[in-house]
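The chains carry the letters A, B, C, D, E and F, assigned in the order they are written, with residues numbered from 1 in each.
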Amino acid sequence: MSKGIRFHQVGDRVESYYLIKSAVKGVASNGKPFLTLQLSDHTGDIEAKLWGCSPDDEMTFTSQAIVYLHGEVSDYRGRLQMKISSIRPTTAMDQVKVADFVRSAPIAPQDMLEEITQYIFEMKNANIQRITRHLLKKHQKAFLESPAATRNHHEFVSGLAYHVVSMLKVAKSLAELYPTLDTDLLYAGVILHDLGKVRELSGPIDTTYTLEGKLIGHISIMVTEIAEAAKELSISDEEVLMLQHLILSHHGKGEWGSPKVPVIREAEVLHMIDNIDAKMNMMDRALERVQPGEFSERIMAMDNRSFYKPSFHEPPLDY
Amino acid sequence: MSKGIRFHQVGDRVESYYLIKSAVKGVASNGKPFLTLQLSDHTGDIEAKLWGCSPDDEMTFTSQAIVYLHGEVSDYRGRLQMKISSIRPTTAMDQVKVADFVRSAPIAPQDMLEEITQYIFEMKNANIQRITRHLLKKHQKAFLESPAATRNHHEFVSGLAYHVVSMLKVAKSLAELYPTLDTDLLYAGVILHDLGKVRELSGPIDTTYTLEGKLIGHISIMVTEIAEAAKELSISDEEVLMLQHLILSHHGKGEWGSPKVPVIREAEVLHMIDNIDAKMNMMDRALERVQPGEFSERIMAMDNRSFYKPSFHEPPLDY
Amino acid sequence: MSKGIRFHQVGDRVESYYLIKSAVKGVASNGKPFLTLQLSDHTGDIEAKLWGCSPDDEMTFTSQAIVYLHGEVSDYRGRLQMKISSIRPTTAMDQVKVADFVRSAPIAPQDMLEEITQYIFEMKNANIQRITRHLLKKHQKAFLESPAATRNHHEFVSGLAYHVVSMLKVAKSLAELYPTLDTDLLYAGVILHDLGKVRELSGPIDTTYTLEGKLIGHISIMVTEIAEAAKELSISDEEVLMLQHLILSHHGKGEWGSPKVPVIREAEVLHMIDNIDAKMNMMDRALERVQPGEFSERIMAMDNRSFYKPSFHEPPLDY
Amino acid sequence: MSKGIRFHQVGDRVESYYLIKSAVKGVASNGKPFLTLQLSDHTGDIEAKLWGCSPDDEMTFTSQAIVYLHGEVSDYRGRLQMKISSIRPTTAMDQVKVADFVRSAPIAPQDMLEEITQYIFEMKNANIQRITRHLLKKHQKAFLESPAATRNHHEFVSGLAYHVVSMLKVAKSLAELYPTLDTDLLYAGVILHDLGKVRELSGPIDTTYTLEGKLIGHISIMVTEIAEAAKELSISDEEVLMLQHLILSHHGKGEWGSPKVPVIREAEVLHMIDNIDAKMNMMDRALERVQPGEFSERIMAMDNRSFYKPSFHEPPLDY
Amino acid sequence: MSKGIRFHQVGDRVESYYLIKSAVKGVASNGKPFLTLQLSDHTGDIEAKLWGCSPDDEMTFTSQAIVYLHGEVSDYRGRLQMKISSIRPTTAMDQVKVADFVRSAPIAPQDMLEEITQYIFEMKNANIQRITRHLLKKHQKAFLESPAATRNHHEFVSGLAYHVVSMLKVAKSLAELYPTLDTDLLYAGVILHDLGKVRELSGPIDTTYTLEGKLIGHISIMVTEIAEAAKELSISDEEVLMLQHLILSHHGKGEWGSPKVPVIREAEVLHMIDNIDAKMNMMDRALERVQPGEFSERIMAMDNRSFYKPSFHEPPLDY
Amino acid sequence: MSKGIRFHQVGDRVESYYLIKSAVKGVASNGKPFLTLQLSDHTGDIEAKLWGCSPDDEMTFTSQAIVYLHGEVSDYRGRLQMKISSIRPTTAMDQVKVADFVRSAPIAPQDMLEEITQYIFEMKNANIQRITRHLLKKHQKAFLESPAATRNHHEFVSGLAYHVVSMLKVAKSLAELYPTLDTDLLYAGVILHDLGKVRELSGPIDTTYTLEGKLIGHISIMVTEIAEAAKELSISDEEVLMLQHLILSHHGKGEWGSPKVPVIREAEVLHMIDNIDAKMNMMDRALERVQPGEFSERIMAMDNRSFYKPSFHEPPLDY
């Protein structure tokens, strides 16, 4: 068994199982077809070209198929590429399953659920507590599986729950430092802010936007869900409005997708915490394989910046 | 009885009834209090100063009071101002009521309702028709009274219904010219697009934003209302999503308050029709009292532009 | 004979005549030359690759040549591509001419001219009428052939006249709904607004910008033309200024190419009508071949949006 | 006779003649009318209040009247203000005339005309030379009197000609340093670039925008004038297009009023020279009365910046 | 003794000592001079008018003077204003001093210094530790007194140190949650980021910008100070560059005053922490006197937003 | 020997020495490796492909190697490309050196140094003179070799000095036309404004940004250098601040890299002169090989504009 994709270096010879994330057919300039495969394991992705593929190959090596291959890691225009020596599809005999090949949060879903439940348990305002608990329970299964996005940050299985747990921790420590913050509102805002993504996104694997996601979006979806939850629970107090406002304004500005700017303290803070956790996740991903004294790849969602790892920092671990 | 405020000219002597829209106390530089009164009738507004007012006066001449006064129209820094010679509060004996002093749409509410109902009647898609009828009926009373805004355009009693009726006519003629348009979606979009204003605004007189209006806004309010209506009517087809998208995107862009840009043809057209009717209303208001060869006052909501009336156009009527 | 390009689907086998719109030489990675041909008929365009072309081929298969070919429609990165089996140039014997292969307006030029003439006939202001008639007559031939643009909208033979006719209809129906509009100014604005394009663009086939188009632009060209027409007709009244202003401001803003923003009512409306007709044309083009429940290609000139066809709408006709 | 307004300091007692540039009536909080007078001489402006003015005073002390007054210079909210002790209108006996009270260029119009003529004389391209000479001659009288703007820079009698002469000098020295520049085009561009202001502005005193200025603007006016001049001179070569492009693009960008960006070298340089001369004029005006170690008033047209005079620079002269 | 200014309500009668922060002379419309006084104590500010003041009064009631007065709190256009019944200057006999009247941080400077020193003590990288300690020591006195700004946030005595201490706490808790952060860099960045303000600002009372502050700014000042410190300490390692980059980029973007965007992880986080603490401080100040169910004053530095205090939150304490 | 690269035309056969500026390995669609070489001589660059290269070739044909080749100039997608017939590395026997293959300023470094020294000599303010001389002397060697940028303008050996000399000439002629300018400040600003590039850039050949360049930038580098120079020379007068401000503000705005906008007259002028010289250089480069009546390539750094050479201008020289 070879080491994970994320730890590949030019020249590595590999023989291992990989999941095909996508397979796109092309025609080479000599007129022959080829396949561009995106191979993945639970540590990352790598591109491979299958030159001169047959119609059979096109049928066999498709998205979501697991393959076994021999190959060598090479460099193509500054990015790693897998040179395939041999490749074959797998069968039941290989005893491999898709779940082994997908990235997921470093904490078990059940543990994250318990942690979030604890935050809900500590809420003092009954209205806020009941609505939050109701909605989390309603979407619990999808919530625990969903990524937080299709790309950029937390784009892996259970990424949404992981994002929420991290944000709750930041929320808690900020609330200790700034005692004017209402932790009930803040925790509820954190837990619900992206919950609409369970309807906006198609699910944990090969994530895309649903029609509802494209036309309505997770913000408006959740504002409506809160209204419906409040109705079911017969709550009509101002807390409902506050929760809706927290969701509605958490992108901070109109041009970032929020039809209203934050006008309660907790809404402003929710927006900042969301930013911090997303950015930390993106920077950590970009820098984790970078050597001291080098720059990372550019991060599109952070103004296309490339980040530097000071030469007096530690080099990355090899595995 | 004098002519209406909108037709006042410098030097006019008036004796008439007026409604006080607002009364703000000030202190002159000689230390004496005075009141700045905003007087109105059904044709417009004019400012007046009541110098050296007594505590009694402050109690008497308040917002929503109707007064009888003698005065003269003068010019103050390029705007008309009423110089008060005498002023007195009115009593039941005067037989005047607030409704006589407010601007309202030029068509009777009942006639507008009939016209809108006719458009709903003609819809062929039952889902769209039922949801539209349900929501209009639910808010019918407030809808027929509500202004379309606190200022800028259609800011008068029944202004919202009047705006909708005008837009329906534009929608109908565009649909005749561009047959690819789905009139069911377009008419429903027009009728519902601002209906959330019945909860966003405080009502027809001295209109302000409600707390819900400030924190959630009429767009998100109506998206939720459509979801609830669909639930009550047991409709879960794609039409619901389309109606929600029409509402959500009708401001056209994030920075104008729409969290999603229009991505169906009728949504783009709804946004353009809304623009046309609002702008026509603002330009007509600005130009109606302007003489040929002159410029209007600046229109804040149209990039602060001042509009010109060509010298070969007709002068405004005097009454 | 095969069906038109616009109706091609993957797997279709074709044998038909096509016009080569452009032919660009490339060198494949095996060092051999190939041609990228843009083939067209009156319904649309499709790309084809001619691998391993000879110097003779390069001379034969050039822009504006008509060819006869056998081929098969395939998919290349999500776009249709023609796989050529055999291709030959045509001769007089084939009895085909370029005019058969170009897209043009769905109404005959002469009919459009009559319709526009009727609008001019109805004008009541003699100055406006004479200038409009004078300029239309001066450029009549080019006007009836010209596209309205090199791409985006109405980019076909007689596209300019077709755009004007559609806008006149919208103008007429808006003027009925908003009686304050001066139809003389508005119709004249519509007829003249893009007339400068007869000098800005190179003509109906393979349209490019002229030097004058690039350095001066159709707006300034037409402002000057109006001045010259007025001189010839000995008209020096304010109508001249108004017509010039209508042309000058019809793009709405400085950053969109108008050195002055609209400051007369008809100029603002002209800008809005121009927008409506251009956008309707772009959306209709993008959506006409889209199946219900699918999204269109992105429309660059509309903020790169992709439009959705609701699943309860009709599928496109096959021919 | 007192020293000029520009040299006034708090506490100065004055008795002198002044021109009233504007007189605006106000009503004090004690209900009495007063006049706000803008007094001027050839060095600058100062505000004065005439408290408790009679109807007679309102008739007498109007715009363009010359008055004789005794007063004292005081400070009002950081700006100088004239406290009037006595004031009287002037008569023929006083032997004063408006021309003595207006700011004008520091060079005589005739000398500027000669200098400009010399630049035209040196042109080698006959087409450029003839068009430039033709247009300068056509508008010579107005050109020599006109200000370059209503405010901001060169807003004084003959300011336009002075601006042109300064720019010609800069153009000449740049052309010596960058020999690729075509001086014929550059000089012609400088001479004609703002010539349209003779029709855009109302004239040298109390300058406002004409209707044509507001609706068409000096750029489009001059583009048309060049076309007409070329016609009269029977010139139809590319030089005409180049001259029009120079005028059209000299504001540099759409949002600054140029419908086309510069695409010939001389057009880009013309825009930069225009900027330099305008900014130097504004900075010099702002700094000329400032003491070393102090900041100037804010310059609105330069992003509202306040400029600093280094403490090792010379103090301003007193007269 | 009356309660503090921050706790004043309309109608309160006061007799107390106040510090005059500013005194501006005006002329009333009756021609008589008056003074606008900004009175302050350690809890806040209130405006007062002194009508009909004598030349003596102007000399006496100046900035930084302490006065004793009887008055009544009234309302003027929605803001509180002090109506003065009697006022007198104070003498040594009154035993009051300026320090008693200024707002300052809620923690003693010495305690803050100790806390910051502890963070420095914990640093593991000797280069970072030595430079930080050196610079803090060099500016220690001014640092402990300085406000963090002239207005907006932490604009009080020791505001800078208080801002730093708060940020260190946030930094510490984020570093615990995101273990990839280098606390040495982050703490040093927090301690030094605004230290240049001791040269940018004039000091703790009546704070203004120095010439160096206006022309160079605290960011560039501190970048230079780090270079000089490194030289003195003979440190030329990459840590110097990192510290300079932290300072340089902490405003996040060019348009916010940072000539370089953050490209190390700690720089991005420093920017976010600075934002959080500044915004929390502004929101807390705006909301602290607001009743539940009401909106605060607008906060200029937060896009002019007005914040809402939910009606289920606690009302403010009275003292 | 063939003519220089800049004068190549399609079809030219060449046999000559070239410097390899960069060599990037690729894999063709037939799976074979190839090299993309950027060849250069002292007149320009041209791309070449070396198909089917061996591992040996990869070792031999690397950046900075000089090669001798036979080939033919061809056209690839509108850009020139070298088709290699034969290629070999060079040895000492070939007697060629890198310096012969790089573009450099048209004036000898020593002559430029003398010219700059003369400007310093003429300074009257001793503080400004001493600091300028000190810093120029300190970095003299690197300054005379450095390019002014990695691309866009003056991106050649000694480009920085050449840029400074050109700007000094413009500065001198502007100072003659606008006598209020302080030439000491202006000349010093010109000489020092980009001097920090000797630390920001890696040197004259294959120029890249240094780590210090990326994280701190030449502006902040030079501000610190001035502080250090002043310290060494024991100068603490306001001139130091002025020089620092000139450097700091010379990009004009925050979004262009200047943390402070210009607030002294000479700083504003420095920014404008920098612009003029950079733009003249870019336009001249783009237009020098363009035929009359044609457009140049697009200039990325000038809003991606393509410039036109009037058809009545001279064609470019052939050598």
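Points to keep in mind about this one:
Quick note on the criterion: a residue touches a chain if its C-beta (ideal position, glycine included) is under 8 Å from a C-beta of that chain, and two chains touch if they have at least 3 such contacts.
Worth saying up front: this structure is predicted, and the values here are computed from it rather than measured.
Hopping across touching chains, the smallest step count from chain B to chain F is 2.
The most distant chain from chain E, with centres taken as the mean of CA atoms, is C. Note that among the pairs C-F, A-B or D-F, C-F reproduces the A-C interface, with over half of its contact pairs the same by residue number. Two chain pairs, C-F and A-E, are compared here, and A-E has more C-beta pairs in contact (counted per touch definition above). Rounded to a whole number, the gap between the C-alpha centres of chain E and chain F is 46 angstrom. In chain E, the residues that touch at least two other chains are 29-30, 211, 214-215, 238, 242, 263-264, 308.
Remark: the chains found to touch one another pair up as A-B, A-C, A-E, A-F, B-C, B-D, B-E, C-D, C-F, D-E, D-F, E-F.
Interface residues of chain F facing chain D in the complex, by the touch rule stated above, are 125, 166, 169-170, 173-174, 176-178, 180, 182, 185, 237-239, 242, 261-265, 268-269, 272, 275-276, 279-280, 283-284, 287, 295, 302-303, 305-313.
Those residues of chain E lying in contact with chain F across their complex are 211-212, 214-217, 219-220, 223-224, 227-228, 231, 238, 241-242, 244-245, 248, 253-260, 263-264. On chain B, the positions that touch chain D within their shared complex are 28-30, 34, 51, 75-77, 308.
Residues 24-31, 211, 214-215 of chain D touch chain B in their complex.
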